[in-house]
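Take a look at the structures listed below.
Here come two complexes built around subunit A, the first alongside subunit B, the second alongside subunit C.
And now, the complex of A and B:
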């Protein structure tokens, strides 16, 4: 028997399993994500669904499993259904966001303390970290901030998708993900050196340095353009930072 | 979801030919690259080249243009709501600049419009930031390193990628503004990956002659999106955001200027009138139209609405005859469907093999050729692998990489994908991946000029909704750039237009009435309405039993 026949014979069909969407039982294929299972059950999303790819934070879901006291969390678009899971999505959770004039900040921790004084209401219960579907060490970045270490907080919070589950569980009522956003912006703009080569390039463009070359390209007929394209010098994949092309006429 | 028993059996076939294929790879014995004629032949399997896949538009400013049925379906459709029912004398919101779409382009436009003195409203379909921008991983191109690169070389690369069909002025503006965009984002606190001295890290992307792809770890788009969104929130005195309220129609005024839009509140189901002195269209792409039935990498709201609204109001479309498919998207496990598998896997030695464990294409052909070969193998030759969800796929034989380079390579070089699969109970260092081409990017869109303006006075645009910048094929990293360059330009141009050119006048939806009539006269609507707003994933079984449910298009 050829392998093609094997495949034809094995009409692969997924098994149905029971899940409880907000307490109500539905039978859904065991291969589906929570999101697709909810759609399979007949719901149509307006809220609770964004990227469908695990990065936007629209679909945070909490669930329990039979005989297990724990609260489980996951992204509906990434988590596969399990038999008898009791689930609900939390598409929105209110959190207070501070406003600030970003250009007036300088990178001192006190600035964050002033915008978010509730930072110090953290009781280090770790509920935020436990509930994070991205495995971000939420409590640790809050602790780092309390100690004034903005860069550490920025690094620790980098994978945050701002779904808001941390804020929903917080005993101290912090809006962790908003605070982390501010920390990352401050870290990026004020605590990391700016790129010097970028300033130079922008200045060179402003003086019109590349206009002549670009005008030439724009005026080229298609064949000459193709030829110029094919003959352009390629930076080798293995080249280091200081690699420079032989032809520097248009630099 | 680990591989079920049936697939495990089929994996044995892959295993049975693996060591032989590894040996061949070691000896550099590859499947030969196709000649130009062979390429030409195989491209007939590329969705862009399947003539039955498209038709000539019967209505509108680009009548006669051949595009995919799915796109034609939303253009040859009537308005969601009878324009006569909308009372344009009752204004629900009023502003200087209305931005339609809260992705990267829209948010950048809002910031620049505000900086140039305008009050702004962003109306968006889902939440602010639920957008394709959030999903981009790879990076953003810009010639920032003057010792080896310049806008000149960036321009050449963009044109080559687009088959030299791109609109030159749009490319020029794109590459000239690129470094300034990176500088702007850096100043807003966007964390691009850097060396300790502040030098930006850059890598190659497909079709780049210089390493100019900047990135923020592997979530570049998300980092950019959350940064500009945070800044917009800081300016809430001047920029307000209306979520879950997609625009469904542009409003013009008696002077023929664009003067607002009709919004649809998805939750209360009200239609609302928003009056504006200028409008920026920034609604992004069309992946959720599932052109020719393809799965997609795009977010839930990518349904080409902006193209529909702009087209009805008289703006032409261009380059929509090409759509970008990425050759290797996950087709199983189901929960990861559509997600991209980077070309790096093939570059590192993984073969593409069919159900018989045989190779059928060199793994380093261009994207369109690679995608076409995979489609032919599955559709025409019937040698695809059936998935539990009723689809077909091809094996990407990742375990070869460990055999070629050494144990642990897959885990070390591809940590993100290794962990993703691990969660599903699949070890891609030991088991192959099931892939199929996935719908990725809308190369074309509404026509516009390098100042962000369209043929309709008062309507500006930025981002994936526009066409011309990328010609027939966009290079990786140029779209994140596009949305920031043209988003900013559109915002600024709109604010300047508000001061200099916008006139007050009676509001009108006459263009919609006319368009509806044109559809009727051509007899093409088939009862369809547009914009689609959201795709419908309700199963036919459920629909049969929804006896009193009422669907307006895809919305219940």
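And now, the complex of A and C:
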């Protein structure tokens, strides 16, 4: 490849498209995500930006497209700009979080009803589900809680990133994401069955069942350790349910 | 054909005694049903404001869920759920303008035009199962048990969703007769229990509840049979407050109609969660030798 070819390639630039950030028009490269477009336009993030990887939920964005009455949502770090989109970011939306002493809760639905009585203001309009950037069935988990099914609410809300857009759209003024968080806490602490085998394992560790093996490993020189690791018995990828290692002294 | 069963929130929390006893009866009667896998609150109260369409969204959404399952009939046990769902259904069937507004608002759902039929377990028993078939299944006739049938409001009013003659209903009377009970008619059978007034004006609610119970007792009833968790709250749970407030008040057990049916069908009383009723409820059934077990 000659040096002139390289020079020509660097001349290629992304097409600029118009977007409206909080109502003001900017020309931004069409390849950018909303987050980068906002930075390209000159804004600096001090809130409303977190992992930049689509996980944390800090950068929930609301936008509209020309000729479309629908409210669109997405995470700014994951959504690519489109021509003439009107957008803004909502880094925080006020929602009342109930206060409670978690150790005093027992897992009865009535406890959630008492902490969040506004639960019963839901009219099933479904605006919360429609606005959720993570496609959580928000209205359905609220319905599950009204039915006293905390486990179902915990499962349905599992993907919630606490962005708060549900609360921003709620006709009944519910703080859905806080209620769901309480449901998941109760589910984890009080309703999900304990793993009994874990207790046995912890007891085994405490009585020193694995000390000898660990001491042996700690005493090895580097090369023996490497060799032991490489020669360890591994479960084959095609192993069936009934597979068991030959050496089962630690099981 | 299989029917869709809509439980309602209260039946999953405070009124387990209504749901569990009914489900056991469904099985005993061979009713093929499917509980809606996805449903929300029915709305609880049908809004009386003509243009308050947002409160019609919840019941219509439930009816859409039934339609989605490919079933044409939805059955309720709670008379308030019945009322709300049935009235929303009538609106969607008959009011073209409001149907359009509601369907347009719910743009994420398929359109709905009242294709589903809403029934209550009581009219389903009368019209689909038939009293004769119910009678054949009775194992423990409720002989000697004097029960007053209490309808309240929502099974009978307004007229367009009434499952019986609003002025002179007979469905619970015939139902109790079929179970073998002695039916005690009383003038307050269709008087409102006080409903949600218990929240805003508890004294007023207490007064009407007392009137109903007093009427039943004076006509010789030993128990009341009803179909509504809110009526049960006012007439059953609140009886302690009634007994404290009115010196002439007398204790009277209150049952869901499905609990009495479960007893008559010989279903294990543990299924019917009598511990959620007044303590005297189980005692009366034991005294009448309708259920076994030592009186506690």
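Going forward, the second predicted complex is superposed on the first by the 229 of 251 C-alpha atoms of A that agree within 3 Å, B and C clash if a C-alpha of one lies under 4 Å from a C-alpha of the other, contacts with A are read in each partner's own complex, and residues count from 1 in each chain.
As a working rule, a residue touches a chain if its C-beta (ideal position, glycine included) is under 8 Å from a C-beta of that chain, and two chains touch if they have at least 3 such contacts.
Please read these numbers as outputs of a predicted model, since none were measured by experiment.
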| said: Between subunit B and subunit C, whom does A:149 touch in the aligned arrangement: first, second, both, or neither? | reply: second
| request: Pick one for A:96: touches subunit B only (first), subunit C only (second), both, or neither. | output: neither
| Just subunit B (first), just subunit C (second), both, or neither: which does A:192 touch? | first
| query | So which one touches more of the residues on subunit A, subunit B or subunit C? | reply | B
| said: Let me test your reading of the model: by the given contact rule, A:71 touches which partner, first (subunit B), second (subunit C), both or neither? | reply: neither
| request: Please work out whether A:218 is in contact with subunit B alone, subunit C alone, both, or neither, and reply first, second, both or neither. | output: first
| message | Which partner chains sit in contact with A:232 here, subunit B, subunit C, both or neither? Use first/second/both/neither. | response | first
| query | So, A:16: does it touch subunit B (first), subunit C (second), both, or neither? | reply | neither
| Does subunit B (first) or subunit C (second) touch A:125, or do both, or does neither? | second
| message | Contacts for A:242 in the overlay, against subunit B (first) and subunit C (second): which applies, first, second, both or neither? | response | first
| Can you list the residues on subunit B that touch subunit A in the complex? | 1, 4, 6-7, 9-10, 13, 126-127, 129-131, 134-135, 143-153, 155-157, 159-160, 164, 168-169, 172, 175-176, 179-180, 182-183, 186-192, 194-200, 204, 209-211, 217, 219, 222, 226-227, 230-231, 233-234, 236, 244, 266-267, 297, 299-301, 333-336, 338-339, 355-357, 382-383, 385-389, 424, 534, 536-539, 542, 546, 555-556
| remark: Note: in the complex, subunit A contacts subunit C through residues 109-110, 122-126, 129-130, 139-140, 142-143, 146-149, 171
| query | Mind pulling up the subunit A residues that touch subunit B in the complex? | reply | 2-4, 6-8, 10, 12-14, 30-33, 36, 39-42, 44-47, 49-53, 55-56, 58, 77-80, 97, 99-102, 154, 158-159, 161-162, 181-182, 184-190, 192-202, 204-205, 210, 213-214, 217-218, 222, 225-226, 228-229, 232-235, 237, 239, 241-245, 250-251
| query | Inside the complex, what are the residues of subunit C that reach subunit A? | reply | 7, 9, 12-13, 38-41, 43, 54-55, 57-58, 61, 106, 108
